[in-house]
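The two complexes that follow have chain A in common; it is paired with chain B in the first and with chain C in the second.
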Partner chain A sequence: MKLQGYLPILVVTALLAVVPFLSNSNTLYNFMVTSLIIALAAQGWNILGGVAGQTSFGHALFFGVGCYTAAMLQFHFGINAWLAFLMALAAGAGAGFIVGFLSFRAGLRGSYFALITLAFAELMRILANASEWTGGAAGLLLKLDPGFANMQFASRASFMWLALAFVFVGLLISRAIAGSRFGAHLVAVRENEDAARALGVDVLTVKLKAISLSGAMTAAAGVLYVQNFLYIDANIGFGAWISIEALLAPLVGGRGLVLGPLIGTFTLHGLGELTKTFAGRVPGIDLMVFAVVLICVVAFASDGMLGLLRRFAPRLAKRIAL
Partner chain B sequence: MLEIADITMRFGGLVAVDRASLHVEKGSITGLIGPNGAGKTTLFGVIAGFLKPTQGRVIWQSQDITDLKPHQRAELGIARTFQIVQPFQGLNVLENITVGAYLRHHRAQDAIEKARAVAIRVGLEKDIDLPASSLTVAGRKRLELARALATEPKLLLLDEVLAGLNPSEIRDIIPVIRAIRDDGVTILMIEHVMQAVMNLCEQVYVLAQGQMIAHGTPASVCNDPAVIEAYLGKGAAARMAQTGGAHA
Partner chain C sequence: MQRNWKSDWIMYSPIILIEAMINGLLTGSIYALIALGLTLVYGVLHIINFAHGATLAVAMFAVWGLNIAAGIDPYLSILLLAPVFFALGYGVQRFIIGPAAGGDDGNILLITLGLSIFIENALLASFGSDTRAITSDLSFSVVELGPFLISTPRLIGFAGSLIVTVILWFVMTRTDAGKAIRAVAKEKLGASLMGINVAHVYALTFGIGCAALAVAAGLLMPSFYVNPRVGGAFVNIAFTIVVLGGMGSIPGAMIGGLLIGIVESLSGLLLGESLGQIGIFIIFILVLLLKPTGLFGAKA
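So, the complex of A and B:
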């Protein structure tokens, strides 16, 4: 029963891993890499916003912290990319802890918490845009130097596999949490804080753990972005686009569920790409598709795609232990 | 086992509890009764740590716990149920109880096992896979009880677990409560259903307008003129004595 929960993760990862063998098209690689990066950021969001129910509208903060920590450490100090990656994880967790400490200790919940996270992300965007250290509005450009040691790859497939490996680890962590005491506490906090307290749950500590873990995971996505594009500026790192992507994907895929963010990302971006193919390059057409999908999900499938699966194929859903 | 001394709880200008004291004997079932709005649930909030009293101390096994948070008190062995039931709506019955069981059992398997045992004990074994939101009122009350029990408390605070149940459901649940006590859990219960209070409690405290006006055995408290007046109005005790009927 325990291993059964991990089976869908293995299957999905294996399916994604063979994609490079199907086609060598650049568009496909770009689509895959971008989607995987967003999926990882969304997995981070899902731990805090989905499982623990603390809706964040500013996960760009953690994404940006990940981007800039990795980029600045390499750019200014020539620190090894992998070491910079580890430090970016710590920075993401630290940023999460600080925001969580300030807002959860003050008892902020719901839309107030969402607004505070948005404010922090915007604050960092403005700072990153103004400071010389971060390269200001021009951003930071990293040196192209392919090699495993630099976390850069000459082959696009290799980088896709790296991103997939990150997503895989993220899925494993999410899955392990779902079946644990910590996971039960997160859900209890989401469903009813007072009842959780009465049952001995230290609500503040649980929330702080959740936001730190969430921050680290989303920061990892930021590092992947930097290593892939070798460029970062304030609007990419701390811009609202990634906050929205990180929250939209779990909502569409299935909020609070392990595979929700990944399925949501591929659904959204898959549909976006399809529309682009059919409707030609009308600017913003994919965003219109996102909007329609979001409205449909909110109106007809509040538990997302996986919720639909559970409703229409309950036996299958049970078998893959959703 | 539990001692509350001179508790005052003030909300702005309103004094909800006024210098109330109470003592719960280890292994007993103690009742807390009183008219609506007397401050009973507020007092429970103070005991469980949800409210910080304006004045007074809460002493648990000769340790002052007035400044401890609810989760720390749960850790020490004080569990409460809520008068307005607070199930985790999105979870099923077993998952609800398991959250409580995780307090003393850190491994998932142990916690789930414990939760199953508790579900059987309160008579929820048939509903284990149902979503909490689909339970009847009686089922939700049992769920409240089960979750609190799953934390393996030494003291169980029951806030009107019988309210809203019909007579046959009350008859069903009274033995469950007694069995919990017989297993060594001390119980302090707020209750309006006098049949249950008379049946279960050894000691009863009466709270009216925030003040403790009487305490003693259920029978003696029911005949106390101050208690009768608190429920039925000034002069009621004298009138009842005249007509010879002293059953409140």
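So, the complex of A and C:
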């Protein structure tokens, strides 16, 4: 029974894993890799914003910390990519802890918390844009040197599988949390913080664990970005685009649900590609569609796509144990 | 870029510093006008309107468009655009935000985020990402005030902001609509029991906020530029002002706006263009962490 909860994760991962065998078109590959990177960032957001109910408007902070830790360690010190990846995870968790320690201890909730996360991300964007250490406005360019040891792959399918493996691990962690005591504490904090405290939940510690884990996971997505594009600048790493993507996907897929971020990302980006096909490559048109979807989801379907599935196909939803 | 702080301070003569402060103060008065709408909406509806900056960008494009297409002076276009934006704001609150959010604070933040993404990208789709400006003789003209050179459009902007503030103060204290708005802000249920239509008052407040943005756009355009992303920069400044002055406090927004204008101008002068914005975010974070009620806020 416990393992049944992991079955949908295995099925979804297996389905995504066969995509490179269907076609090796450049467009499809870019679509898959970008979507998987965003899905991972969104999974990080979902632990804090979805399960624990602390809406963040600034997950670009963690994405950027991941990007720059990985890029700078390799660029300035020639540190191995995998080691840099582990250090980026630690840096993401650390950034999460610091932001959480400052803002949760100050008692910031709801809109106030959302705004301060945004401010931290913007602060880092300005610093990364101005400092020489981070390459300034020109950004950092990593050397192309394919090989497993450098976390770079000559075959595009291999990189997609690596990204998928990261997403898979992220899903397993999210699922494990959902079934754990820690997960129950997170939901308690989301539903009613004061009641949770009254029942003996150490609210601050629970929130700090959530934001650190969330930061590490979103930082991992940043590392993937750097390893794929081998380039980073402040507007990519700490830009508002990834804060918005990381927040939209879980909301659209199903806030707080394990598969929500992944399903949301593919729904949104699938829609985005469709719009571009029909409406031509007008800049911003895909984001206009995203915004309409967001407003509709918030207004009519607070549990997103998975919530709709539950409502309209309860049997199917039950069978795949959502 | 290594900087020698000591020599920087010596390099700037008091005249340049004071001039920067005066210009910052004048720009700050327009910021205050932008923040006024945000804080008014917060004070009455208790929501943070994330689409405030995007709405300003629309207003700035409207001012620019009227000038390019019909040759209408930016200051004159205010008379046309303020009523239009009032109606627009009224409609958006009454028919989109109000019904869609269902009264939940977190939802409203997300709905207005959705609106801002939509507006910003609709502007991008229709106008492209180019930066546009209205240049006239006025844009670069200066007034000599003793030893200081003050930009004329900023001086006009300051006067305009003052006039709007006085009008708003008059509306809030001397008219029935203002009384209804204050009643709803204080006690929503009580006001509705006294026969005040709360949904109408909410939309009215939102409309006033949007009209203030139209005025700000008209005052800004002669000395500023517009592109689809300009709203993001202003929304950050406006949030900082509102938090600094105290969420929902109108005098707080005025004083906060002037302060932030000075801070921005000085940090831009001392730290340079790209690093200069940092002062605003540091103030924002510090106020939220240390005194979330701001200078004039009642309670968090």
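Everything that follows uses one rule, which is that the second predicted complex is superposed on the first by the 322 of 322 C-alpha atoms of A that agree within 3 Å, B and C clash if a C-alpha of one lies under 4 Å from a C-alpha of the other, contacts with A are read in each partner's own complex, and residues count from 1 in each chain.
As a working rule, a residue touches a chain if its C-beta (ideal position, glycine included) is under 8 Å from a C-beta of that chain, and two chains touch if they have at least 3 such contacts.
Given the structure is predicted, the values throughout are model-derived calculations rather than measurements.
J.: After the alignment on chain A, I want to confirm one thing: do chain B and chain C clash, or do they fit together?
T.: Overlaying the two complexes on chain A (C-alpha atoms) leaves chain C and chain B fitting together cleanly.
J.: Is A:200 touching anything from chain B or chain C once the two structures are fitted on A? First, second, both or neither.
T.: first
J.: Determine, under the contact definition given at the top, whether A:188 touches first (chain B), second (chain C), both, or neither.
T.: After superposing on A, A:188 lies in contact with chain B but is clear of chain C.
J.: Looking at the overlay, does A:179 come into contact with chain B only (first), chain C only (second), both, or neither?
T.: First partner only.
J.: If you stack the two complexes on chain A, which partner ends up touching A:291: first (chain B), second (chain C), both, or neither?
T.: second
J.: Applying the touch criterion given at the start, work out whether A:132 contacts chain B, chain C, both or neither, answering first, second, both or neither.
T.: second
J.: Quick one: classify A:269 as touching chain B (first), chain C (second), both or neither.
T.: A:269 sits against neither chain B nor chain C.
J.: One more residue to check, A:120. First (chain B), second (chain C), both or neither?
T.: After superposing on A, A:120 lies in contact with chain C but is clear of chain B.
J.: Is the number of chain A residues in contact higher for chain B or for chain C?
T.: Residues of chain A touched, chain B against chain C: more for C.
J.: Students often get this wrong, so check: with C-alpha centres, what angle lies at chain A between chain B and chain C, to the nearest 10 degrees?
T.: With chain A as the vertex, chain B and chain C sit 80 degrees apart.
J.: Once both complexes sit on top of each other, what is the least C-alpha distance from chain B to chain C, rounded to whole angstrom?
T.: 14
J.: Provide the residue numbers of chain C that touch chain A in the complex, in ascending order.
T.: 1, 47-48, 96, 99-102, 105-107, 109-111, 113-115, 117-118, 120-125, 128-129, 228, 232, 236, 239, 243, 272, 274-275, 277-278, 281-282, 284-285, 288-290, 292, 300
J.: Under the stated contact criterion, what part of chain A meets chain C in this complex?
T.: Against chain C, chain A makes touches at 55, 57, 102-103, 106-108, 110-112, 114-116, 118-120, 122-123, 126-127, 129-130, 132, 137, 240, 244, 247, 251, 282-285, 287-288, 290-292, 294-295, 298-299, 302.
J.: Hey, which residues of chain B end up touching chain A in the complex?
T.: 48, 50, 69-71, 74-75, 79-82, 86-91, 95, 98-100, 102-103, 106-108, 111, 147-148, 150-151
J.: Would you tell me which residues of chain A are touching chain B in their complex?
T.: Chain A residues touching chain B: 179-181, 184-185, 187-188, 190-192, 194-203.
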